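Chains here go by letter, A, B, C and D, matching the order in which they are written, and residues are numbered from 1 within each.
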Amino acid sequence: MTKILPSSPLGVALIGTGFMGKCHALAWRNVAATFGGAHPRLEVLCDLPDSKAQGLAQQFGFARATGDWRAAVNDPAVDVVSITTPNGTHREMAEAALAAGKHVWLEKPMALTLTDAQAMADAAAARPGQATMLGYNYLRSPAFQAAVRMVQAGEIGTPRAFRGVYDEDYAADPDLPWSWRHTLAGGGLGALGDLGCHLISQMVALMGPVAEVTAITDIAHATRPSPEGPRAVENEDSALAILRFASGAQGSFATSRVARGRKCRLQWEVHGTLGTLVFDQENMNELWVHRAGEAGFTRHLTGPEQPDFAAFCPAPGHNFGFNEQKVIEARDLLAAIAGGPVTGPDFAAGLQIERIIHAMAASDGRPVTL
Amino acid sequence: MTKILPSSPLGVALIGTGFMGKCHALAWRNVAATFGGAHPRLEVLCDLPDSKAQGLAQQFGFARATGDWRAAVNDPAVDVVSITTPNGTHREMAEAALAAGKHVWLEKPMALTLTDAQAMADAAAARPGQATMLGYNYLRSPAFQAAVRMVQAGEIGTPRAFRGVYDEDYAADPDLPWSWRHTLAGGGLGALGDLGCHLISQMVALMGPVAEVTAITDIAHATRPSPEGPRAVENEDSALAILRFASGAQGSFATSRVARGRKCRLQWEVHGTLGTLVFDQENMNELWVHRAGEAGFTRHLTGPEQPDFAAFCPAPGHNFGFNEQKVIEARDLLAAIAGGPVTGPDFAAGLQIERIIHAMAASDGRPVTL
Amino acid sequence: MTKILPSSPLGVALIGTGFMGKCHALAWRNVAATFGGAHPRLEVLCDLPDSKAQGLAQQFGFARATGDWRAAVNDPAVDVVSITTPNGTHREMAEAALAAGKHVWLEKPMALTLTDAQAMADAAAARPGQATMLGYNYLRSPAFQAAVRMVQAGEIGTPRAFRGVYDEDYAADPDLPWSWRHTLAGGGLGALGDLGCHLISQMVALMGPVAEVTAITDIAHATRPSPEGPRAVENEDSALAILRFASGAQGSFATSRVARGRKCRLQWEVHGTLGTLVFDQENMNELWVHRAGEAGFTRHLTGPEQPDFAAFCPAPGHNFGFNEQKVIEARDLLAAIAGGPVTGPDFAAGLQIERIIHAMAASDGRPVTL
Amino acid sequence: MTKILPSSPLGVALIGTGFMGKCHALAWRNVAATFGGAHPRLEVLCDLPDSKAQGLAQQFGFARATGDWRAAVNDPAVDVVSITTPNGTHREMAEAALAAGKHVWLEKPMALTLTDAQAMADAAAARPGQATMLGYNYLRSPAFQAAVRMVQAGEIGTPRAFRGVYDEDYAADPDLPWSWRHTLAGGGLGALGDLGCHLISQMVALMGPVAEVTAITDIAHATRPSPEGPRAVENEDSALAILRFASGAQGSFATSRVARGRKCRLQWEVHGTLGTLVFDQENMNELWVHRAGEAGFTRHLTGPEQPDFAAFCPAPGHNFGFNEQKVIEARDLLAAIAGGPVTGPDFAAGLQIERIIHAMAASDGRPVTL
């Protein structure tokens, strides 16, 4: 897979410096060192308050800092904007960046509502020369890419069934305080928006488009404590679904943010007519493969026969890490900007993911056609 | 758990000598040696042809052999009848055995149709002094029993979600010849009847009654080869479902007989408000437990703190086997006959399982209330 | 593998009714039902006091009971004697049984001392028409047998290295009371005699004879509590060794009875020039196989392609159990008695195992030639 | 654990751009962005030919390139030198760098011979103001650090036994061509120098100093093909050892470069009087912990309660990667340079590791006191 990489440096703005903000910063620092091409110029970092932005700009190696995201977005030295702020800000920032002529790298989920996501996809479609990329990190892991290649090469025959879950336990404690994240207006969807959309991004890459979904959701803890007393949780703690794919295959889907003991259990399997693949992100360097005629499942460790891993390490079984997924994502965004293949998900593909999670949220046990 | 065991020996008839027939025979030979109580008298073994019955009666240690199942059922020396013949024979044999005043130990699924299962349950209900037991082996494994006790004791808080699959691959090969098993009239349901019902038996034991189910099914191989050319497969190769339990908990369910590489993957997890349990029958001596405050999942190996295991072996981690489940099932049947607790599933409880799998088969993506 | 099985029934005496005594009893009850051949006659069971023997004779299905082991050994209706009593009794009982013209099935280790083991092997050699068998259960598991066949068939090329451990934790608690088992005179060797000998039985079956061993041992808890105050532990809690095999291959060996959390970790791997095998008795139905050119290790689940498993169950992945190993061992003893192959370990082969563990116990870090 | 980080930037030279060279480059790029402190200045990169150095200097972000390592070492803008070239060059380069007043970060093993290692340690001791660090990456992984902390905190009581292996299969193929790496003069020790020393670095961190070692070694493939025909392999393909620690604990050790199917199996366990730890680098984000009174082993996933992980990612179970270990190593070197704690292994501690592997190589089955 030859990737086209930029020969002239691009200027970068980063908005937000939390979990994903730091991950973007490290990715921008490493992408050229890992894969070649021109090093991005780290122009401006935006966070609040200014002092925090100043400190982290120094730490992450950005030339300037600001507390004003509009200034960052409109900075003439900036070509591409990383947006890693809370979901409720995504639409406004992304639209502004697009309007300013910038490429956009946006964390998932796209937006709080399907209406917002549609508008953003429309905005991106109106500017075909500007690349968009959504932060579906897990699509980049070498083991996942190997799985996709195996499916595409027919190594497990025709995929007939998908089984997938994405469970974590960060909200399992009923004493976790109430926050705006638990509201539809502030947080949007719950487990579906935070976790489930990752699983769908992988599911669609493996199985193709979804035709129909039927889902139920649950709020495990109806209220959470706040200084003003218990307040209602509005978005789902978990969701379960069954799906029909356009191909005729079928699937099951589950996600939960209240699954005690699960930390990053993004786990799925694909049943093909000639074999089965099994993956679990908690052991992201293992892909389990069974092909007809083999005795059982074989553990494939990530190794340099996977090209994106080889750029990091020539030794098999020397673990690839979560953060390194983001470096590959940056590489793919840079390739798209440089006119190479659009591996996405861009805003158009991201909208499809949003449609699925919102269909699940609205299904209430009835089939929804997509 | 004190079990009441028979003090006077019961006479046994065994009909069928295949996979489950041999398993019943070994269970009858071992139950008293393992748990105490009077040894059953192995009176009569029935199979066809007579010569096979003769040979296996000698091998299994039965006093007499016959090719006539009615003779076996009506034998005055027989108190309890093990029925391990194809599903299409279950109703007739079970009703005859009940009519002859015998206790009945019947392999699952109960019957080909819900009508048949209802009739059988009615027949059993009309004879409350005669015990019935269905062969849901997996309910007896020490690890599963430990899981049930943990749930009942509140060790994982309130169960909120169930995720379960039962997958095998015995029908994955499209060249597997067509047989009567692939017809509704001859085989009844497909994966649901053969595998899925086991999962439901465990699910209900863990989660309580099901209120509503929505399911889809798939026939992966529409036809299978026969000497007369390809013939249609009528029953499902796989099924997927989402469920609401009467408790308010939710669940997902999947079963497949075409899952390449899966041999006995009866795998489930229960998410409670205070912990999570995970089990996979392919490693049936492991129960994985996470409780709030613990670092991760802990592997609980089957050991003598589980009373039913202790009767076989005093040493932890010395593996319990599939066949030994049946010995415990025999013990539980004998206890019910002796007036002890009815741990079942008897025909009444089995009917509930049948209702669920038939609801799944009929759902076609629409919710069905149970 | 055609096995020759007895056509006329053999009379059995069982001495001892603990862990292994019950295991022998179940094996005698099941061997013909599982594999065919004449059913053994369960003639006499011996334990103390008489009342216990009476109760367990009834439970296990023996015709008579006695508290006098010499009476059992000399009973004219008895052809074969199962000896499952403490190690210090093995020599006297085995020699008496051999002198009485009986076949002998003896639990491991053979004896407390090498002198005793040598005498027993001599006694057996003097009576070539009488079969002896030592209770190395783990040699019989289908997965282990599959491993041996793979090695013998050259599937992993030439074995070059062995790595093995057998760890349990039954003596890990320093408050475990002192007993005669902790003395050389009463218990003989410690972890080596109880656990290590099992590992050696498998190691030799996989790798062939041992040429040289160097070992060190440790007593983790120098004293243990007794009613009279702390008393000294005389035999080793753990042992470590390196080995040279006659073939030129090398090996490492470890055993411990104080390995916290280990329940039955009889775990080993064989490195061949063309592949690697890995096994762990705690998951005794899994054999992990890697062959040159394959991507990684493949999980081979026990299944009916392994003939000794097929006799119990026709379904792959339906777990074989610890106790069922003993049924195969009984079958192999009966085959030897009937003039079939001697799969052993008989007393001659057992003596070789004793030599190795006693060499380890005596090595103190210096090489010992065997 | 407060780390002292440099407040003024240090100038870096990197010699070598292979597997470890790129790993060092990425570490230098990331250390300040991850942990804070002044960003190192990437001054000069050295490799041959010049064109390669030029290209990789651009890619890795170094200001200048050279083909002359002495120029790099003596560059006045350089404060610290990363040496990642073949083992035979280590002594000369390290001594030159020390003589030039530089801090030295050197890949393991230190040198080809014990004499060289001793000389290097002497040179470093003579310049106490210059820090040295050896590239024992695996010491830095969060799971390993957690294990060390648990041992030091007494969570598993007193360590009594160590079991460790480090196996790979990169030399398993007998058709792997002969190279200078297979000679003592060119490559030094074999598996011990390449792999075994890593295991020892961890073993010593967990168990303390080694008092005595007894080892045997094997050359699995006596010759390897070369254009001139088969040539002799001089250094070991594998080694096995038993050890006594100064504490009185005992250990076993194994390493192989010909273990088919093993990719990075740096696997060990520590048996303490109150618990057991188990680790395998192939799943480097898992630490398995058993403590007295717990049911079994618990899987501890790497998470932000481990401070060095938290700097990369706030989310538990989001995998740490092999390359990220090196960033922590860089941080620890910078801390030592800045006058903080010396976590090493510096050259003095590295010499102890060399003494152990050379003792193993020379033992030939006889105990060697250290």
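Just so it is clear, contacts are C-beta pairs under 8 Å (C-beta built on N, C-alpha and C of every residue); 3 or more make two chains touch, one makes a residue touch a chain.
Bear in mind that the values here come from a model prediction, so they are computed numbers and not experimental data.
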{"item": "Chain pair with the higher count of C-beta pairs in contact (B-D, A-B)", "value": "A-B"}
{"item": "Same vs different contact residues, chain A with chain D, by half of numbers used", "value": "same"}
{"item": "Relative to chain A, chain with the most remote C-alpha centre", "value": "C"}
{"item": "Inter-chain centre distance, chain A versus chain D - centres from mean C-alpha coordinates, in Å", "value": "34"}
{"item": "Chain A and chain B: spacing of chain centres that average the CA atoms, whole Å", "value": "42"}
{"item": "Where chain B and chain D are represented by their mean Cα positions, the distance between them in whole Å", "value": "54"}
{"item": "Residue list for chain B, restricted to those that touch at least two other chains", "value": "262-263, 294, 296-297, 301"}
{"item": "Of chain C, residues touching chain D in the complex", "value": "156, 160-161, 163, 165, 167, 172-174, 212, 214-216, 218, 220, 238, 240-242, 244, 249-252, 254, 256, 258-263, 271-276, 290-292, 294, 296-297, 365-367"}
{"item": "Chain B to chain C touching residues, read off their complex", "value": "18-19, 23, 25-26, 29-30, 32-34, 36, 39, 59-61, 168, 262-265, 281-286, 301, 303, 312-324"}
{"item": "Parts of chain C lying in touch with chain A, wherever the complex brings them together", "value": "289, 294-301"}
